[in-house]
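First up is the structure itself, then whatever we jot down about it.
Chain naming follows the written order as A, B, C, D and E, and within any one chain the residues start at number 1.
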Amino acid sequence: MASFWEYANPVKFMRLSGWLMPLSAVLAAVLIVTGLLWGFFGTPDDYRQGSTVKIIFLHVPAALMAINAWAMMLVASLIWLIRRHHVSALAAKAAAPIGATMTLIALITGAIWGQPMWGTWWAWDPRLTSFLILFLFYLGYIALWSAIEDPDTAADLTSVLCLVGSVFAVLSRYAALFWNQGLHQGASLSVAPGTRMDWSYKAPLYLCMIGFGLMFLALVLAGTRTEIRARRARALLTRERVRA
Amino acid sequence: MIALLVRDLRLAFRAGGGFGLGLGFFLILAVLVPLGVGPDPQVLGVIAPGILWVGALLACLLSLDRIFALDHEDGSLELLATSPIPLEGVVAVKAFAHWITTGLPLALAAPVLAILLNLAGPGYLTLIASLLLGTPALSMIGAFGAALTVGLKRGGLLMSLLVLPLYVPTLVFGAQAVTRAAQGLDGSTPLLLLAGITAGSVALLPFAAAFALRINLR
Amino acid sequence: MELRVTDLACARGGLPLVEGLSFAVTSGEALVLRGPNGSGKTTLLRTLAGLQPALKGEISCPPEQMAYAAHADGLKSTLTVTENLTFWAAIHGVRDIEPALEAMNLRDLAHRQAQHLSAGQKRRLGLARLMVTGRWLWVLDEPTVSLDADSVALFAEVVRGHLAGGGAALLATHIDLGLPEARVLDLTPYKAELLPDLGFDEAFL
Amino acid sequence: MIALLVRDLRLAFRAGGGFGLGLGFFLILAVLVPLGVGPDPQVLGVIAPGILWVGALLACLLSLDRIFALDHEDGSLELLATSPIPLEGVVAVKAFAHWITTGLPLALAAPVLAILLNLAGPGYLTLIASLLLGTPALSMIGAFGAALTVGLKRGGLLMSLLVLPLYVPTLVFGAQAVTRAAQGLDGSTPLLLLAGITAGSVALLPFAAAFALRINLR
Amino acid sequence: MELRVTDLACARGGLPLVEGLSFAVTSGEALVLRGPNGSGKTTLLRTLAGLQPALKGEISCPPEQMAYAAHADGLKSTLTVTENLTFWAAIHGVRDIEPALEAMNLRDLAHRQAQHLSAGQKRRLGLARLMVTGRWLWVLDEPTVSLDADSVALFAEVVRGHLAGGGAALLATHIDLGLPEARVLDLTPYKAELLPDLGFDEAFL
């Protein structure tokens, strides 16, 4: 019986991702393009915020993926530490730059949004603050990966960092809330009664969010494939050097 | 273990041993900030709690790379790793020595510098309390960061980058406690949270740090 | 007691260096490792001391029974000779450092800071540390570097004393140790060819 | 000399080489200060010029001990001292390399961090100009301090204490220039004074530093 | 050309170590300094290289004509072998590092970072540096530490080449250098007794 763990074998993983990656990439492109076009041209301007509100179709999916990417890295790190599956460590490595980019997109689109809304590019709102801190976590994680040469050592150390960092990221979030009850609006898509957002916005927004999710999947798969190829090249080089 | 503590303290107090490095930096910051920001006592009073805590934090950060780097360079760390003391103990003792030579003096010196920065009267006691409660967490978290980066040449920046986000909750709660106390409000909630962070870090991080050290040595 | 190494392979920087190595050292014995520069002596000793994992093979003796001395001496330059030695003695639960000071002729330098020692004096101090570990097996990497002839003789005397007391020693060196009676093992024949098992990287091929 | 410059830059950019150490520290400070001081944009705007300049100064200070200490530890400094290059040249080149890897990136990154600190609009240009003019002096003065303390183990604190008072004029003029500009006033006098300090230090300090190095080596 | 030392005295940490030392080394000659640990060999060589002042005496040859190699190799661990060597060559205005790489058998390691070399390989690189200094007199402190027999032979070959080209060498060592033809000077007889001239401190007596 094929178990999930078999895909931790690089060869199997390459075979699987060989078709999964382009598939999700195409799907992601379709969903995002549709969602954005619909969002930009098919929705009415907000009565308060005018057309600036439409940046939400980039801002919110990016913010969502920024957090999910870290969660995925946490799971992958645990798998590496417990079961030592190399693909898992490499997937965590591949996810980090993508997550960092998503965080940056959320921050930048937020800043563009904030300029007309709050009259400032940046405010020390708890949500923005915790995202800035998340961005720093990503930077540290990526820097640690790139500073260490031996891949297994790097995987071990970054995994520990990811575990400890997750705990402190959650703590920081509470600290930021404690520090300042901010300007930023709360969860806008809560299923709780009294949902504030109209369906004409929600539908394209959902499309974009699913699209961003698939795009993330495609990028992580692509990144992991690159890392696997790099490891393969390394193994071949080692073999060469031993022969020489 | 006691021998290790004694040695680390002795090294710190010997000429050029880095005792006072943190303290000196703390002093420097407290002098530079008014020079940069300008002498307005109103403004200084408002920013005093924050600046003092940021200063304490940076002072810790600066002396951190010394926790393991020197022992790594001269080969002592390898010898310690093959010694009968468990590596978790080594980490804990070294973090403790770091606290004694950095955190403790900072906490004691802070009130004096607070005068330079014109901190409001009711804040002083809370300032000392918050630093005494919070700096052990800074030392322990820092030891973890130092353990992650010990093999790397000039790991200093990388370590700062790794440690900084981990320091955020401690900083926020510490500065909040002092700010509230200086405004005459109740600062006990952030102090409690601070104590919680310290307890948690001291209990768990030695294991993470020892794991990282073992990996870095091989 | 005995250190038995069976079919050991070890690597540095992902590159296998030594393979198929088997040997044994029993109480009262000294084994000298030889081999050209870069042949993997340091790597082998670090593996035995538990500082890095072996690629494969068995090591019968746990690292807790070995005292390892590397190229670097692990001295603190601002501590005196006595302070340095007392520290390592305390770490290993040994009380008396006098015999070690005596044996390595460090009496006169006892209150000198380590940074004010000459290269050979530093080395003597590094070797004196071994005597306060109370460990059974000494694992030494080029112990006599920088030592003059008299100090080499002192060192040989100390090693002989350790062997006579039921200890054992494993030494890597290029030069004379003053221990003609020791067995010699040349690492050259154990140079790793294409190792069948490349470790984890193999999975990527 | 060019070979030395190339080597120092290459070392800085190599993995773990400390390039970005200053920059990272600068970023860290800009994030920590609001976390400590509180989010009020009014307060932040007032202290922004001062904090940015203090941050730049500390960032320089932190990377200073690397100027000679590493070369001293591995023996290169002795070999350089016995090489055909005059020691004054060595000092000047090393200070220049330090500026390229620290001062220059700081000046370029400052505007971004100024947004975080809510600096008023008219201050941005002057901020860059003052940092470009002032940081060479920081590097050169720092190289002198590093030369004075090179032989000492963990000379870091001592160096900071020595260098700090020498940094005061640069800090005051730099921060003043930015503060004035941010308030819409004319900041060109402090900028001119800043340029004067830089010119003076670059012309004279290499000789003092080389003298100190020679003494420290023996 | 000639290095002529007359009635030299030198001190370390304020303590006179060597006094009344006179010797000469001329082109084509190698002089080996011997003496027990702590007898002042390193101190003497540093004095000659201009790194510390002599207590008294004359040194005929200015430090600018010497290439000094100390216990430490002066290598940057994150630079490759070629980069390290090219740097020192450029500092001394020498272009071609190939002969040095060739002579010390570093070809295969040319692109390896210095931190990934073994102890002996590092030393070989440290010695290769001498060949790109273009200096007349080599002043070497225990040059063959950590080298295996083959590398010692390589080193001896390089020194002989330098001597044949009109150079000279002054070497401190405890072990064999592979240079049986070199003159030997033992420092033991020049051990400083209470030195009559205490320098400036004398004024305080």
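In this section, a residue touches a chain if its C-beta (ideal position, glycine included) is under 8 Å from a C-beta of that chain, and two chains touch if they have at least 3 such contacts.
On a predicted model such as this, the values are computed, not experimentally measured, just so you know.
Where touching is counted per the definition, the chains common to chain B and chain E are C, D.
The highest number of C-beta contact pairs joins the chains B-D.
Distance from chain C peaks, on a Cα-centroid basis, for A.
A separation of 45 Å divides the Cα centre of chain C from that of chain D. Computed centre separation for the pair chain A/chain E is 58 angstrom, with centres defined by C-alpha atoms. With each centre defined as the average position of its C-alpha atoms, the distance from chain B to chain C rounds to 37 Å. Per-chain Cα centroids separate chain C from chain E by 28 Å. Counting partners per residue, chain C has 13, 71, 77-78 as the residues that reach two or more other chains. Shown for chain A are the residues that touch two or more other chains, namely 133, 136, 147, 149, 179.
Shared interface positions of chain B, i.e. residues touching 2 or more other chains, are given as 15-17, 152-153, 155, 158, 161, 164, 168, 172, 218. Within the complex formed with chain D, the chain B residues making contact are 15-18, 20-21, 24-25, 28-29, 31-33, 35-38, 43, 46-47, 49-51, 53-54, 57-58, 62, 66, 70, 152-158, 160-161, 164, 167-168, 171-172, 175, 179. Interface of chain C with chain A (complex): residues 13-16, 192-195, 198, 200-205.
Residue ranges of chain B in contact with chain A, taken from their complex: 144, 148-149, 151-152, 155, 158, 161-162, 164-166, 168-169, 172-173, 176, 190, 193, 197, 205, 208, 211-212, 215-216, 218. Within the complex formed with chain C, the residues of chain A that make contact are 9-11, 86, 149-150, 152, 228, 231-232, 234-236, 238-239, 241-243. Every residue of chain D that touches chain E in the complex is listed here, in rising order: 2-4, 6-7, 10-11, 14-17, 73-76, 78-85, 217-218.
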